[in-house]
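One structure coming up, written as structure tokens, with questions to follow.
To keep things simple, chains are lettered A, B, C, D, E and F as they appear, and every chain counts its residues starting from 1.
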């Protein structure tokens, strides 16, 4: 995973478009110091590689750091840097925001996954296209750091047939009649159909869809569906999406589906990370 | 507020880097239709102006729409568009994500403000630099749509002295000795000092700071502080930050402070917005 | 498919960084005219939608135009525009280059596909990651306009195991032992293994790979392989790549594989498109 | 020549927008290795400086490399790098594509030039504005690496009068009447007129044009023209463009023209470059 | 000339990164109005085309406007727009700055040219590479609007040999020995040598340089030089650069040189342009 | 202060879009050398940090350099670099232009400030939003290097009420009636009113405005105004703008105002900086 330089530059410029006014009027230049980010809570961290690059751009030397994907206990130091006082202040909030938001997603993903795997060790947690606009690079890195995978990165690379498609092609039955042709066209992809009930799921499965994605189905219903569908075709992919969160994920995981599709890990409270600065005396 | 074209293009390309594979294999081209976004919950909406611009780029004609900042009841249509089926599908999720996330921030800000104003009609809700990296344009628009203001947009334009600055200039007392010079340098700005206790607040006030920002102080303590500080200087700006959220905001608002500084509105569940597509027959 | 504005701006600025010196010294301003692009050869055209947007940016009004994907006979007008003489000259080469290169790819893809389909009506032609760096948006649009599909858009969205991966994980056999786990992780994707001989293909198929991709295999060998593999598992995806071009594509298509993977359509002679300008008298 | 960072970032992001899914599911992280690109054919290479920068961005250390412009025999190693397995995989195709396409242009230019110089040691090969849109930086670098020069980089810096200009200013004769004024305006540039026959060439020469560019003229005709024109004015620049390629370039070169203007080197088969990866054991 | 959208977006975002705070706190929304830019002094204006595009982005409808290159008397209205009050305020300073700076360059160029042409009607005024970094698009448009031309747009398209080159190739004489080869390589360009005295100029002329550029020579000396050089070769290009400004330009122009090379028009006082806003009542 | 990489890349590409043609035809590659920039006049320099980054991008090693903000005597070396001859030539003008223009602004600001401080040691010099479009990063850095501060960075972060606002809200008196509400909304900012006469200033002061900004007032009048206003409220911020330049700044400074608002330092003659190159022999 490589987060583009343009993205990191944007992160910096959002917080430091021009001068650091406060550092200027206090005249802190000429001092050296350290900056240290520590995690106040249990978390799966993400973003340290990006902070290192931010540090590099701002003239701060990274000292110690943990990789993205590391599980940490409260009060663990995530990354430390050394440099001129005014550079440390420029690096502070942009680094902190990256760490807090990315670790938030990674931690939620990891917890979601833990709950799901507790019920079904083979299940995957995959995330939708519904992240905060403009954050896809960092969000996807965080999902993967937390053990998840992207469900679809966008429209270009996966085949998922929504009811909103059916509107334009004569409905579910009409579409399923063409499933053979659809699968031939998308031979390298799994063709998945979003369904809202068992009947449609069974029809799609029988018509040859590689997978079905249940939207907003109850876990009990889903359990029945999985049994029926896997009987029809053992290797059919069964996904569930819609309203699944950390409180009910185990029930869904137990149904035997292959993956849970969720947007819920993209948003929520950032991880609480503290920042300490230390004076290391005047610059040489 | 003008969200840059580059930002909107990025939003589109995140979701549609190349083709829309599903629409391609289903061959939905040649049909016309409508897309309609409706809000499933009570909310303050934000982002319709951006969706209109996205529609324009993708060849979808906007029909009806509500302005950012509009308060809506559940099941209100936010914006509707007409166009070719494949264009509607391209416009769908990028528009939805903008609306859901921006309206989420606007709605949380608005609720936060309502609670605060219920206790103190003159209070302001202002938001920190701690939004999701890369989202500042949309996040700030959403905050303002919800009735808030940005506290600081970044480092360049406001003067807020943190303990992390004091590390490099000999501590609070030493800094306050220079308050006159600091204020002269930043004569167009209010110079605000972050404090953690009443003693420091009083010292800063007496030294001439334009404002003090309490970090993580209890509301009862804060109440006492406000009384004392306003006695010392009536027009001193008193802010509170740290750990204030919708559940305790009224208590803080009642203390008589001028503004509550919060990051909490930046994150949380997006507003639940549904999408309907309708077939309008073959293209002429 | 939406080609980003940034890309179109880049196309323009490559040819017109500042003034049009020749038009300046000839002082052609003040005249109105028409520009007309016509195809000198049989082709599948691509890029007219982008030319319309370029026209719009440069103040040229598009008059008639054919959609990308249209098959044309020699001497067909692809698109016409009206505007001030100096604007027409600015629009000329940037538009021409888009049309010539994109139509080149579309036409080669279409011919490749025709040859392949003549031998096997269900076969797909899919294109690799090996296009000219920096041209992916236009190249992929052109491939799809010509009837092909992208094989892989990049590293992020498909699972193709190369020998270069096996180097790091103990070789083919070791990897295949873990195929179940690999497939579980990538449950939404087809896991494809690149193989160079029948033995490996069979092993991969038996181990449960969703597909095998033969690299640089002779068509006769491939034919045998397909029979064997489809016997083992009917729905296994069989791809062939490496050295397949328009002269031998039919032989490969006849083998019964699902898709041919090629880079060959990305490069080659642009379609020969002529440009006529007409004087329409002085500007009003 | 400095290829902008934005361009290199775009090259990377085209291939690696987010994660490397295959490396992820195979879990190749934790291994170190080498990557080696070797040229399978005789070629003039181009792009190694850019690959070094790509390597740097992706954490791969370059070991040995040949400069752009180096002529190589088959099986020559062009560049080698060391790094973590997952970084090598990210660097692979983006580097390969740069090398293959840029070396393709450099090699075609070099061969074209060799053929031309065999017939006329003083002749130049210069390339038009008609490269693949979006590739000008890499294409021009490759042309120069192969010994050519850009004919015109765009509209802003050279004066070439096409028939399409004459349409708006009353035709060739009318334009030539103003040649003195035109030359005064463009005094720092050579003013060149595109002509399709000898009569126009002679008229342009007599009128004082610094050069004439023949479009699609036969080499025999051209030979006569050069003699006549150089008699009229010895230092007139004579160029030929249109339909000149490696098979007929010598005939054109022999005519005594100053330079051949070609687009033909911009497109064609990329140089065949192979990639080897080696395992260097677990990371320290 | 097409100024890129990216440049215009940057202009806007420099002034309006997020909200318009003052308009917000005054709550001027809901009113319609007019904005009018008028020139307080005699000037050659530049930038109205860009202001129209800025207006378009910000929802302001342009009403009347004069083209770039128009000479105006004091108190001439340059452009007018209509729109919502808050949009007018967003459009104000970004538009004004474009007009003032671009018109400043255009006006200085025009005056410089007038003075030069008064002494020598055939002389050109051409501008160096030494404009304000980051402003080349607008600066070059302004130069051309004022009647000048770019001398060199950059390093890629013109051949000007400085003493700083000679350092690396053995000095002037050694370089001139190779003039024939140099001219052959750059056959489409005029090869110009920067000289500081008559001796070098004569040597360069005799060696076949297409032109010489005198740096910081007195006008009397230059006059002698031109006579001598034009005797040696009538069509030699003679340029003068260094220390020429509006106060001494006539003396230089009289010397009979072909063009004056200057950086002086790039900087100086912006044209004084006023802004009027009018209330047009509440929005419909 | 961090100038974005995108900005530096733009600076480079403006001057070196593709090859360095002159260096190419002279074939200076293969030589090593030094480049040295020295200031020909007394100045406050700015931009060396950016030149170091430019050097880094172009493969030139910085040797000695002075920080931005350093006051230098004539003939002081600002920065030196070592590298290959062709790299030095690429780095030359882009570096020189940055140094000359940025140092120009820094020097003018410093002189302006010196004159102002001679009359009033506590006065600030602050600069408007009216710099050359597209140069804000470099311009603001230069202002601060010269001892000034930005007055307003743009519309988003400061509250300055112009007559053009009053047009839409019923005039000065009507606005002042709402001053309490306005100040509550913008509680973190100083609310400043632009006034053209003493009456309005007094009204604004009495209504509670945090500051008044006089536009185009004579210094004598201003002096009276300051006395009156500070009597009404001691800590009122008094600014003056419009027509203040280095020749009259002392008179304004003496009036006792807090800061002078100026655009005049943004434009004017760049500092005269010379460039020396030295040959350091053939590359190893």
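Quick notes on this structure:
Assume contacts are C-beta pairs under 8 Å (C-beta built on N, C-alpha and C of every residue); 3 or more make two chains touch, one makes a residue touch a chain.
Quick caveat: nothing in here was measured; it's all calculated off a predicted structure.
Each step here moves to a touching chain, and the least such steps from chain C to chain F number 2. Common neighbours of chain A and chain F (chains touching each): B, D. Common partners of chain B and chain F, by the touch rule above, are A, E.
Relative to chain B, the chain whose mean Cα position lies farthest away is D.
It takes 120 degrees of rotation, in steps of 5, to superpose the Cα atoms of chain C onto those of chain E. Just to note, of B-E and A-C, the chains joined by more C-beta pairs in contact are A-C. Both chain A and chain D derive from one sequence, and where they touch, under half of the residue numbers involved are common to the two copies.
Put simply, the chain farthest from chain E by mean CA position is A. We define each chain's centre as the mean of its Cα atoms; on that basis chain B and chain D are separated by 49 Å. One inter-chain figure worth recording: chain B and chain C are separated by 42 Å, centre to centre, where each centre is the mean of the chain's CA atoms. Separating the CA-averaged centres of chain A and chain B is a span of 22 Å.
For chain F, the set of residues that touch two or more other chains comprises 5-6, 16-21, 24, 90, 136, 149-150, 153, 156-158, 185-186, 189. Chain pairs that touch, as defined above: A-B, A-C, A-D, A-F, B-C, B-E, B-F, C-D, C-E, D-E, D-F, E-F.
Across the complex, chain E meets chain F through its residues 7, 10-11, 14-28, 31, 33, 85, 89-90, 92-94, 96-98, 100-101, 104, 129-136, 138, 153-162, 164-165, 167-169, 175, 182, 185-186, 189, 191, 267-270, 275, 277-279.
Touching chain C in their complex are the following residues of chain A: 122, 124, 126, 149-151, 153, 156-158, 184-190, 192, 211, 237, 239, 258-259.
In the complex of the two chains, the chain F residues touching chain A come out as 1-2, 4-6, 136-137, 140-141, 144, 149-150, 153.
Listed in rising order, the residues of chain C touching chain E in the complex are 5-6, 9, 12-13, 16-21, 24, 57-58, 90.
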